[in-house]
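Next come two complexes built around subunit A: one with subunit B, the other with subunit C.
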Partner chain A sequence: MLSAEIAAPRPLPAPAARLRRLPQNAPVLAAATIIALLSLIPLGFILVVAISAGWDQVVKLVIRPRVGELLLNTVWLEAITLPITIVLAVALAWLTERTALPGARWWAALMVAPLAIPAFVQSYAWNSVLPQLHGLWGAVVIAVISYLPFVYLPVAAQLKRLDPALEDGAASLGKGPAEIFWRVVLPQLRLPICAGALLVGLHLLGEYGLFVLMRFDTFATAIVDQFQSVYNGPAANLLGGVLVLCCVVLFGIEAVARGDRRYARLGTGAARMPVQHELGAWMIAALALLAITATLSLGVTLATLLRWLWIGGASIWALRDIGAALAQTVGLSIGGAIITTVLAMPMAWLSVRGSSRFQRGLEAAHLYAGALPGIIIALALVSITVRVMLPLYQTAATLVFAYALMFLPRALTGLRSSMAQAPVELERAAMSLGRPPLVAVWRTTMRLAAPGIAASVALVALGISNELTGTLLLAPNGTRTLATKFWALTSELDYAAASPYALLLILLSLPLVVLLRRQADRALSA
Partner chain B sequence: MSLLLLSSVTKRYGAVTALDRASLNIEPGTLTAIVGASGSGKTTLLRMIAGFEAPDTGNIVFDGGDIAGPSGMVPAHRRGIGLVAQEGALFPHLSVGGNIGFGMERRSDPGAVDALLRAVELDPAIRKRMPHELSGGQQQRVALARAMARHPKLMLLDEPFSALDAGLRSNMREMVKRRLTEEGVTGILVTHDQQEALSFADQLAVLEEGRVVQAGSPRELYLQPRTEMLAKFLGDALLIDGRVQGGETDTPLGRIRVGRATSDGPARVMLRPEQVRLVPWSEGTPTAEIVSASFEGPITMVRFRAGGATFTLKVPSADAPVQGRASIVLIGTGHVIPAAG
Partner chain C sequence: MRFRLPLLAGLLLASLAGPAFADDGIVVYNAQHEELTQEWADGFTKETGIKVTLRNGSDTELGNQILQEGAASPADVFLTENSPAMVLVDGAGLFEPLGKDITDLVAEGYRPVSGNWTGIAARSTVFAYNPDKISEDKLPKSIMDLADPSWQGRWAASPSGADFQAIIAAMLELKGEAATSAWLKAEKANSIAYRGNTAAMKGVDNGEVDGAIIYHYYYFGDKAKTGENSSHVQLHFFKGQDPGAFVSVSGGGVLKTSQHKADALAFLKWIVGPGGQKVLRDGTSYEYAIGNGAESNPALPPLASLEAPKVDPALLNSQKVTELMTDAGLL
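Presenting the complex of A and B:
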């Protein structure tokens, strides 16, 4: 009797517990859906504005010479900056990765370093050295030197991992070095070039500080102007609508340029180092190109900054103001970064653990909404808080939420690649050992992805620390971040007093350079 | 007249000597396999012939002209030497037709492309596909077609079968061999698989630590290897210390004739296992005391003691002795491995 009792199997769990209708990941899916909906707020706002303004109003405010002028400016800016940036970035990446250049590693680091200098700081420096440089060409020069790394970085990473057997194969088929570059190497760079150029294009649409200092009007500067004279006016909002359309056009052009063909590496390929070309007599020209680029993108700004610091002497180090701005910046950056990363987690986990059409839609919402210029996100949040949630208007909460929307894509990409390193089998093992699903994920995948999560927090924090446009529009009264304080002083033409803030912005961004470089190398090898 | 002649080619990477005075002669229309363990320098040798590396010393003559030597080198794209790489190295951004047309004079002539596809036993309909849509074997066939499109006099094959599974591998090997022979293209295959080398080539060259230790017909290298390492590399070998007297030597397995005119005295003798037969025991013959026999399907591993030593031999299961004793019969001649030096 006793032995029979011992041998009896343990009762099975009640059927209700075993037969769950909802998929196991339902809570995560729900969270990701909510976050995706939140990230659609700016886009929805623009649509609502356009619809509620009525057709006549839209026509009146959009079809006017001023908008045409801004549109023309934008087209010229993109059409001149992008080709120059792409050609220069590919040439520089090829020189640093594929030629027997003395000090190639150092040159490569110098080419990425401008990432540490916010574009508006570049503008500030050039403005004080060469005030004659302004308008379209001023904007182009500053944009090229500021955004060059966005194309250089992915192209160099791709060049590094191209299968050398392809170039060997082309040579054995009778093709010389130049033809190999055009017909074999360049086509393989199409994806990184498209991705980098899209990023540059979006920055050109959304950047504010750079163009104000270069006295070049774009939609972003016009929207801020409008906003500062009459906030929440339909004019600013409809300009925002046109800006969103510009972004959509840019996405479309990129999609067409990228094409739908895969450029997958076939098999493992040869484990050899890529071919290093001898430059011979061209060595001098190559070194000159690199040196000129480094001088323009780093040298001029750093020298100017040091000059202002020197001129300003001890008097510009208003330690109390600087300390307060630094503390606020660090607080907002870290707080915002943690929240952004947490918000990105559900989507990141879903996207590494399978895919469905619905999930891809959610992911697109996460990625594309964040790709909209910060000014659109700020505009939407200002209008919405003013109209329906006034107590939230100009609060730290709204500001941090705006940061979260702006940097969601950055957090998502970082999280995805680090979570993908943790095999799903570990989660299953933890669940089979009796852990509920969320606990299982937390104790396995999240634990293993911890370094990647930390890196993602850092990347977002660094992005927030030199964000200017959104902060200007949304920050509560009395908020002084390094970027806004720098901007205020520059606007008063007190270049010397602004210089310590510029220096701190650059120092804070230095880790960003290292992190982004590592991410570019890894993203391609994943 | 030789098609390709490497004379005393040396290549160093820092402190590592990849090739050490390697010499090799390739006759036109032949198939040569270069074998060696990994790190023996075979890939370096191939890359040097293709034109991707320059020798430090020595020179290479191809088709009657110097292509590398003290006076400089002809770059890879002007050599007209075909190459099929390990995993095909198809251009991922070009279709099959684009890949094959890449090196052709008249770019992507559809008729010529189709003919090449058929020659490598592929359906011409495959022309529009992208490389990633092909299986590993198909990729290799396209890579061969792409290289053949330029009618090279010499084709280099860099372990082209190593990524394929066993059945496909022998199939591909036969196809490649047929193509090259029919087109009269001289072939050089680099491989670390001795079986593949033995069945593919008319000539075998074995590399050891950057040196060509022996080159000759597969038969010659298999039965008369110049070093012990080579003997073991090309297959199972019994290596026995014996004493040569009057063209014969005594071994624990019995007496056997030795091949070459060898002077009397101690010698290291190699026998291939298939030269040893176990037959039903009879009086007055060398005796094998069976220790154990383990059945493995078609063959049986027989462990036996003879002349104070223990041997293991694969014997066809149908007539394997499983216990007691058997007589040993040695067939053919033993090979005396030359003293090192």
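Presenting the complex of A and C:
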């Protein structure tokens, strides 16, 4: 979702070729179907719970004032955060990509850097600096600074790609710069804005740590509260059902906002390099905006972290615990990322090599779970393994499976965009030279797509290392990741002891963010 | 390239299986503060060489988890901060009856008559208040006073925590369902909800609220560390057998389904014996010791002076409390 895709029309295969493709597709199709069915487990679980609870119970637990409160909180949160994030992200992306700003590359890197800081670490830092900031406004501020890169990245990428010929055309018709921006540039940014905003909206629904520290109740915090009080009661599961409905609503809004216009370039030739506008008197204001954003999203957190590390001194570096948490986090992240990427491969290959209604259904099954908050997936897996599959209960396998469900969409979109670069003719050539189909795909498409696959593995690993709620619920005995250990200490308000974990989380995420940025740049220049 | 990646993946998968196995030693489902139990575990391992693996969570979460896991539960020992979760598990008949060698070590009143589990520590309910915002004569005489409309927006608690739910369970026992339900509805209107007792105490310290219902040891523990969350906080003990003077008993029990019963019983015996209770006296947890003849930390006011109401720890009902709190809109 982070790289805006422009679909090129696919060549229709000749009838004979279509028949020939079916048997070759079959094992991959079967694999993708099995994975899609597994992805539907959380959804199935919620439906089963709702049905088995009975209508009266559902009404009693869902139609009550508390749920109304939570819904109102959620609506306010989304309604305030999303517009602010979009406006800020578009402004910043415009400044760094399309103006003659000094040090634009550095500013761009700074705008992306907050991706390395998990939202709950941002919340922890701000809470220790400014405890008065809490409730809705606290939640909005932290949400904006944490999730800005999600909208900034696709918008910036798209701005780089825009064809200036359209803007030149508008200028030659007598439009001023402001009107050109509103009527030519902005509509072309519709897709990345929608994609980024959807991502932010979904993250807001599922985020737990951020809102707990800000004392702002949402569905996710209420679900964990219920879980901690009743463990696996119907109330928690039904709240999960309401949350899923909210996700569906968000999807609907995004689909309507996205529209179905064509955005790809018509005509031959290549686009010119976009023109870098001079800022003139606005330079100071622009630099001020960028500096303030960077300070608020990076400076405050890093300074607070360093301050706590300094205050804690040597005593907070309990190397045995930190080392164990680090090792487990790295192991789970990389192992989980590789498994997730492997699971996403059948669907990715299918989607770049052809399309059918059935396949689109499979894709939807793969993608929807990424929209579900991690806690729902964890709840579903806990209930199912404890009742039906006891040997898998509380094992690392279940935890990794949960990670796979949560991050399948990330892996899928990364794989798809990199596999699409490899032309299908190479596979066919390899097959015609006698290689079995799987080997042919492996040695041609996969090898060409390898850098993209590596980047997508890195992205998924980044997501897993920052994951909190699912790990809290599913981790086997004795498993402590950096995130859960950090959270346990922050809940005791032991800020100093929590800071080494936060530092390690950020250090772990940094190379992955650099990789992501480089990959995005390379994909554009290709 | 051909085989390196699958090999690497295979190795990583194998390494993932590592953390799942804690075959040697005992597994403790620990709802007590991690630091304290880790001290107990370390002391026990040092003395006996038996390895202890902790699974940390909250009282009711772990209690319900044990119920759901049933016979297949990997837990050997269950330690809690409050007794309702122990009653929950005991009600399902999942505890191994403890011998006299363990129950004799604990003072009467801090263990249930049935002898299926025992107390391991205790803590007292307090009203932590900010002396700059409220003077001593304006303090509530009883915890029930906090339902009065004059207290709107002036006090705080952590309703999602098992600690507070135990206090409500005691109130339910002492005052009955009608009064407790009414008090909870008033709490929804009057109080500010924090997550965690430390956060509530910090809110008092900041002056965001006049006072908060928490347990005593958060104050002493903070004072012993940096003291930054309690510099403007004083403690008010309700006394006079008020529900607000409730002393909650932290419980410990051995699961009937345990595969390492002897080791588990040895661990529990160590905790309630001189070794474990010494950790309470000398350590930084500041919880009360309940062993026969064991001394609590000298910084604490003596347990006998707190005039706690007599509540049988085996009668506290957490499920009813969750129901009432959900009805009041707190959960």
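Assume the second predicted complex is superposed on the first by the 489 of 526 C-alpha atoms of A that agree within 3 Å, B and C clash if a C-alpha of one lies under 4 Å from a C-alpha of the other, contacts with A are read in each partner's own complex, and residues count from 1 in each chain.
Throughout what follows, a contact is a pair of C-beta atoms (placed from the backbone, for glycine too) under 8 Å apart; a residue touches a chain by one contact, two chains touch by 3 or more.
Keep in mind that what you see is a predicted model, and the values were worked out from it rather than measured.
Participant: Determine, under the contact definition given at the top, whether A:Gly478 touches first (subunit B), second (subunit C), both, or neither.
Facilitator: In the superposed model, A:Gly478 contacts subunit C only, not subunit B.
Participant: Counting only touches as set out at the top, which of subunit B and subunit C does A:Thr395 meet: first, second, both, neither?
Facilitator: second
Participant: On the superposed three-chain arrangement, identify whether subunit B or subunit C touches more subunit A residues.
Facilitator: C
Participant: In the overlay, answer first, second, both or neither for which of subunit B and subunit C A:Pro187 touches.
Facilitator: In the superposition, A:Pro187 contacts subunit B only.
Participant: Using the superposition on chain A described above, determine whether A:Lys175 touches subunit B (first), subunit C (second), both, or neither.
Facilitator: first
Participant: Applying the document's definition of touch, where does A:Leu166 land relative to subunit B and subunit C: first, second, both, or neither?
Facilitator: The answer is first: A:Leu166 touches subunit B but not subunit C.
Participant: Considering only the touch criterion stated at the top, classify A:Thr329 as touching first (subunit B), second (subunit C), both, or neither.
Facilitator: neither
Participant: For subunit A, which residues lie in the overlap of the subunit B contacts and the subunit C contacts?
Facilitator: Looking at subunit A, the two contact sets are disjoint.
Participant: Under the stated contact criterion, what part of subunit A meets subunit B in this complex?
Facilitator: 163, 165-166, 168-176, 180, 183-184, 187-188, 190, 261-270, 275
Participant: Can you list the subunit A residues touching subunit C in their complex?
Facilitator: Contact set of subunit A toward subunit C: 61, 64-66, 69, 131-132, 212, 215, 217, 221-222, 225-233, 235, 311, 328, 331-332, 334-335, 338-339, 342, 386-387, 390, 393-397, 400, 447, 476-479, 488, 491-494, 496.
Participant: Hey, which residues of subunit B end up touching subunit A in the complex?
Facilitator: 47, 50-52, 75-83, 85-93, 102-103, 130-132, 136, 139, 143, 146-147, 150, 156, 163
Participant: Inside the complex, what are the residues of subunit C that reach subunit A?
Facilitator: Touching subunit A: residues 1, 8-9, 12-13, 15-20, 22, 27, 33-34, 53-58, 60-61, 63-65, 67-69, 72, 74, 160, 162, 165, 193-196, 198-199, 202, 206, 208, 225-226, 229, 322, 325-326, 329-331 of subunit C.
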